[in-house]
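Structure incoming, see below.
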Amino acid sequence: MAVTAPVTDDQATGRVAEIFADIRKTRGTDFINNFWRALAVDEDLLERTWTELKQVMLMPGDIDPLTKEMIYIGVSVANGCSYCVHSHTAAATAKGMSAKMHGELLSVIALAGKTNQLAESLQVPVDDAFMK
Amino acid sequence: MAVTAPVTDDQATGRVAEIFADIRKTRGTDFINNFWRALAVDEDLLERTWTELKQVMLMPGDIDPLTKEMIYIGVSVANGCSYCVHSHTAAATAKGMSAKMHGELLSVIALAGKTNQLAESLQVPVDDAFMK
Amino acid sequence: MAVTAPVTDDQATGRVAEIFADIRKTRGTDFINNFWRALAVDEDLLERTWTELKQVMLMPGDIDPLTKEMIYIGVSVANGCSYCVHSHTAAATAKGMSAKMHGELLSVIALAGKTNQLAESLQVPVDDAFMK
Amino acid sequence: MAVTAPVTDDQATGRVAEIFADIRKTRGTDFINNFWRALAVDEDLLERTWTELKQVMLMPGDIDPLTKEMIYIGVSVANGCSYCVHSHTAAATAKGMSAKMHGELLSVIALAGKTNQLAESLQVPVDDAFMK
Amino acid sequence: MAVTAPVTDDQATGRVAEIFADIRKTRGTDFINNFWRALAVDEDLLERTWTELKQVMLMPGDIDPLTKEMIYIGVSVANGCSYCVHSHTAAATAKGMSAKMHGELLSVIALAGKTNQLAESLQVPVDDAFMK
Amino acid sequence: MAVTAPVTDDQATGRVAEIFADIRKTRGTDFINNFWRALAVDEDLLERTWTELKQVMLMPGDIDPLTKEMIYIGVSVANGCSYCVHSHTAAATAKGMSAKMHGELLSVIALAGKTNQLAESLQVPVDDAFMK
């Protein structure tokens, strides 16, 4: 179903093999999901994207890793990215999202989706209090 | 710039006046932002939306209020709702989002937006490991 | 605020002038809204779009004109087209959409927006009963 | 393919069982589509969404039920919700949408999608005549 | 998985058969992809869409055919149209898009998706220098 | 109208000042548009985004710079990013996009937007011929 066939381990050489090794080492698992295997059709794109993901999602910051995953899910739902909803829901669950938290996440996304449409339907003018 | 003129306090009567009073009481401020004034063109819609917002965003749960606001922002950005980005960034700031957290939030949203497009461009097949 | 300056009546010549005349005659008003003045930067695009709009929105069919306008608004809200929400809400009102109908339209759009996000969040599999 | 396994009748207890019963009774059919089974992972979310759907789509109003379904389809297409396009096209057909009406619906959605992009491409300024 | 069953050659009569013949002749291949077979549920819609595609994509202009396909892919990715990403990536490849160009195309789409979200997140005001 | 006030030259220090200097040098102009001034609220985000833009848009590749700008516009229109449509239409014009090319670009974007909605409305199944 893919536009380009994902790169298998046998096909991975040079920089692609190095990045696959770094993904495995960083995540502590042998599993490499299809997203990275698909991106490997372009070495520069693969490297740039993996480097950014490590910086944004894995380096310690002031937003905790699970919260980041839930924000990621929210954006991916609204952008209609089926693959990303699957992979980041799995990631959030692995980082401790309970069934109850998942339900609350869904409720926030649903409410946001609803009020987004309402504000757009009514073309609500931004209040002066929100301007900078 | 609005599609319908927002309802002023003078125009608010009956159920609309009651909901405006509840918004003020619940939030502890006299300020009612334009979204609710615009929604007031339909009493049922106003009541349903305010009731849902109170349940989802204000009732204690397992996701903290600031995290909910940041998820809300992520969804609103991806849905392109200018009004909602303004109002919920203000809400997140009021609930303690620092400039550093804002920068991290922007970085997660940007990365998600980017990988959403990539997964869609490549039509990456969902890994068996993510299926239920 | 436009990307290209809208074409004024003075600037309209040849085919553009003919189409502006047809818009006025077809609609029975001297007013030509900015959308057509902006499209006039490309004669072919202007003609193709106006011809399609006449066929789809103005020729008698099995869906009545007001219903078509409300569908148009729903699509435009979800696509985030501010201009189109304004112009088609005005058109729907001109064709008889009451304040009560507007409230119901908003309620349907809001519910659809909400359930769209939920079905996407949960990646709900399409039921066999809905397949052809 | 789902993110969470849909709740079967055997698994449905308490409030979920009650809502499933209400769905069956309200619709006059034993069939419960996957959307509700997926939402059942969170009782509050299930109840809130079903209650809203009953109020918005099933209570008599000034917009007829078939028109509401066609607006729902338009929003769902623009939001890219595959599941919702399937389920609401089935619902519209059940409520009397003919093949000819379906063709007209598609034509309006296509035209709206096209002009939405054009107005966005050209950043057409909203006419004063459309402002309130 | 379709909402309506695609029209087979056996089922194609009258105007539909004529358009199918024109598609084959214009493209120099016997293959007619599912998009046109699905659109054939409405003769007017089929004819209008095929005529527009011939004018926009196949008539000589100042943008070359491969560039048009790459723009088409970019729009289709952002609109989340899985079918269109598949069919137009195939078309671009047939028109000479190399693996290296595909990688660069993906990089531009990814960057645009990212900066689109950032500009929306920050509600960046349009510079005077960009206004007309 | 911004969510955060753009960083002025006077406020730019350290790494932000260095990146502003690099933007000026790379582009050969003193003008720095609001996007970069807004991003400067987070140094890491500013640096990562500018570095990526230089690599993707400015380094020589197999897709020429003007084509990249037109793809960028297509994505930005579909994502509904008003700021990006303005800034990249200006960039495309500066790189040689004529009025005729702009008209053709608009026609491709409009057609893609239309057929995206149609393929989604009909849930057209991807042809085997397009699968890998």
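Chains here go by letter, A, B, C, D, E and F, matching the order in which they are written, and residues are numbered from 1 within each.
Everything below uses one rule, namely that a contact is a pair of C-beta atoms (placed from the backbone, for glycine too) under 8 Å apart; a residue touches a chain by one contact, two chains touch by 3 or more.
All values reported here derive from a predicted model rather than from experimental measurement.
> Give the chains in contact with both chain B and chain D, ordered by label.
A, C, E, F
> Would you say C-D or C-E is joined by more C-beta pairs in contact?
C-D
> Let me check something: if the centre of a chain is the mean of its CA atoms, which chain is farthest from chain D?
The chain lying farthest from chain D is F.
> Among all other chains, pick the one whose mean CA position is farthest from the mean CA position of chain C.
So the farthest one, by centre of C-alpha atoms, is A.
> Taking the mean of the C-alpha atoms as each chain's centre, how many Å separate chain B from chain F?
27
> Please report how many Å separate the Cα centroid of chain E from that of chain F, as a whole number.
So the centre of chain E lies 20 Å away from the centre of chain F.
> Would you please write down the residue numbers of chain D that are in contact with two or more other chains?
Touching at least two other chains: 1-4, 41, 44-45, 48-49, 52, 55, 75, 77-82, 85-86, 89, 100, 104-107, 109-118, 120-123, 126, 131.
> Residue numbers of chain B touching chain D in their complex, please.
Answer in residue numbers: 1-5, 44, 48, 52, 55, 126, 131-132.
> How about chain F: which of its residues touch chain D in the complex?
Checking each residue of chain F against chain D gives 73, 77-78, 80, 82, 85-86, 105-106, 109-118, 120-123.
> Tell me, which parts of chain B touch chain A in their complex?
Of all residues in chain B, those touching chain A are 1-4, 6, 31, 33-35, 38-39, 41, 45, 49, 52-53, 55-57, 61-63, 67-68, 70-84, 86-87, 89-90, 98, 100-101, 104-105, 107-127, 129-131.
> In the complex of these two chains, what residues of chain D are touching chain A?
3-4, 41-42, 44-45, 48-49, 75, 79-81
> So in the complex, the part of chain F that touches chain C is made up of which residues?
80, 85-86, 89, 99-100, 102-104, 106-107, 110, 117
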